[in-house]
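Take a look at these structures.
The following pair of complexes shares a single chain, chain A, combined with chain B in the former and chain C in the latter.
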Partner chain A sequence: MDIAEIISHHILDNDWGISLGSVRLPVTTHSVTIFVVSALLLTVLFFIARGGASRCSRLLTTLAEEYVTFIRDSMILPNMGPEGRPMLPYFCTLFLFILSVNLAGMLPEMKTATSNISVTAALALCSGILILYSGLKFHGVIGFLKGFVPSGTPVWLVPLIFPLEIISTIIKVCVLAIRLFANMLSGHMVLLCLLLIIFIVGKMNVFAGVGALIPAMVLEIFMTFLELLVAFLQAYVFTLLTAIFAGSVIHTH
Partner chain B sequence: MELVALKYIAAGIGAGLTVIGAGLGLGKIGAAALEGTARQPEAGGDLRTMMIIIAALLEGAAMLGLVICLLTMVM
Partner chain C sequence: MGFGDFNKKDHFAISSLGMEIAVSEILGVALGYWLDKKYGTSPCCLLVGAVLGFMLSFYQVLRAVKNLDRQAKEQKNGHR
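Here is the complex of A and B:
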């Protein structure tokens, strides 16, 4: 196989759609990964939520409580204040979902669904709706629009500032999607390219290819650990930035 | 030179410039956070959170550039 073909096969989503009459249901590797991860999360969390007296279930309950407290104390309360309390379930879901999908990409036969722009765009859209909702809930329509103009702005500057602020809010949400997408995509590209070094060098000379094996594998292992870190970091950053943006809409200046 | 080759050169130079900018920015953030933590170790937790936020924002801007480079190369 050609190298460009391998890269595109690895990065692009292979689609084996099901046709039902005129409707075509797209079943792709990414959507299958998402469904598998969601089913796994729902099953595990269902058993955690049901509780139980055994040692194992008590341990899992403690873990879940610790996780929720972590989200609440490190993201919601410092950035959104007590108004963010009712939105805690969304943030817990967001973090766990992104983290699980990111980590699922590290397993063989699975693909990182977050390296698909559609998936991250949908996540960012949910966050955008949350930001809009929290602004409208706490300030009403007029107050929400007023919040886009910082207090103390001269009147003649308002028509200039207002569209700029609205555009910057929209761009923030878009960049939220692109950041997650680009990070996951580039990480997996690097992993693949490091493996391809072996084959590229090996095509020139077989012995050189064997020699390139060891440095390439060392780099590969290093990058894999970095990818594990990035999976956590990007989930954290996505959730944290959503909390910050929602907080900046709630507490306008 | 063929125009197709120029496309790849453009993508490579663009990616390199983006990474230079992002690297300078990240270095500045890291240095400032480290200095702040060294001067005031009890503020380390807050500083780390702030550092991650700003680094993420910077990375978002850098990634925008890199995605454009990638698109230039692929299209």
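Here is the complex of A and C:
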């Protein structure tokens, strides 16, 4: 039993790309997961948006309204103010997408696409573009660049502070990507390692392996619930931090 | 929802600070390492990059503290 191979098979991305002549289509487990989740979300949301008179569709519509209100009242308005209202659709999409991809990883035969740095980097890039856009929209190019220099900075310090501020903003966006990636990767790694404990101990001694079964499974169940919490928490944190950063760009001091 | 003198926003700012320190240090070291490889000046650029990354991380800590301080003052003035 090769432990490293098992871990890499379950955690890392598997490329079974299709070659069409000289063009290679990168079909990977993570990209398939993302497409499946997106298609599912689009279908469900399409039916919710279409509405209907039946009890079920009314319930779903109420749920969707409640969700949008939650994003608006707990993330956008406190952090971005009324200026953030036009960006509400982006935040709703972001939260639902990250949450669904995180939760998809908890299903059997599915992978957590957010445990791939490329996916989270793309999401963070979208958030970075939103932050840039909101800064440019509300302050213009000059005002946006002025916002990078804190008020009360002496003139001779400006050439030093300005690049530092720009780099820190870029780092903040990088941290968004790394946080989501690290949390999802480590959670699934822990789940897998707890299961592997049983087999590693069992290989040394069969009875010890049976003895390790119960504590390992209890921990596994605990960690699975923790992973469910983390899936919600990370989606919430990613969306909220995007709102906070965009808000700090809009309301510069 | 508040814990002590901090509100939820402050907690997010503080909790992301640790990772910001790490990322700025890594960025500085990576830049130095890359320059070393390109120009064969090992280990000068790596050391300079590490120092620059350290400075950047400290700048971020100082700025976050300043922001928190200012917000706390604003809140105090607002409550009076």
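Quick note on the criterion: the second predicted complex is superposed on the first by the 252 of 253 C-alpha atoms of A that agree within 3 Å, B and C clash if a C-alpha of one lies under 4 Å from a C-alpha of the other, contacts with A are read in each partner's own complex, and residues count from 1 in each chain.
Methods note: a residue touches a chain if its C-beta (ideal position, glycine included) is under 8 Å from a C-beta of that chain, and two chains touch if they have at least 3 such contacts.
The structure displayed is predicted, hence computed values, not measured ones.
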{"item": "Side-by-side fit of chain B and chain C on chain A, or clash", "value": "clash"}
{"item": "Touching partner for A:Ile214 - first (chain B), second (chain C), both, neither", "value": "neither"}
{"item": "Touching partner for A:Ile178 - first (chain B), second (chain C), both, neither", "value": "both"}
{"item": "Which superposed partner A:Tyr236 touches (first chain B, second chain C, both, neither)", "value": "first"}
{"item": "Partner chain in contact with A:Ala39 - chain B first, chain C second, else both or neither", "value": "neither"}
{"item": "Touching partner for A:Ile129 - first (chain B), second (chain C), both, neither", "value": "neither"}
{"item": "A:Leu164 touches, of chain B and chain C: first, second, both or neither?", "value": "second"}
{"item": "Where chain A meets both chain C and chain B, residue numbers", "value": "175, 178-179, 237, 240-241, 244"}
{"item": "Interface residues, chain A side, partner chain C - complex", "value": "79, 150, 164, 167-168, 171-172, 174-175, 178-179, 237, 240-241, 244, 253"}
{"item": "Complex interface listing, chain C residues touching chain A", "value": "9, 12-13, 16, 19-20, 23-24, 27, 56, 59-60, 63, 66, 70"}
{"item": "Residue ranges of chain A in contact with chain B within the complex", "value": "74, 175-176, 178-179, 181-183, 186, 233, 236-237, 240-241, 244"}
{"item": "Chain A partner contacts - residues on chain B that touch it in the complex", "value": "49, 52-53, 56-57, 59-61, 63-64, 66-67"}
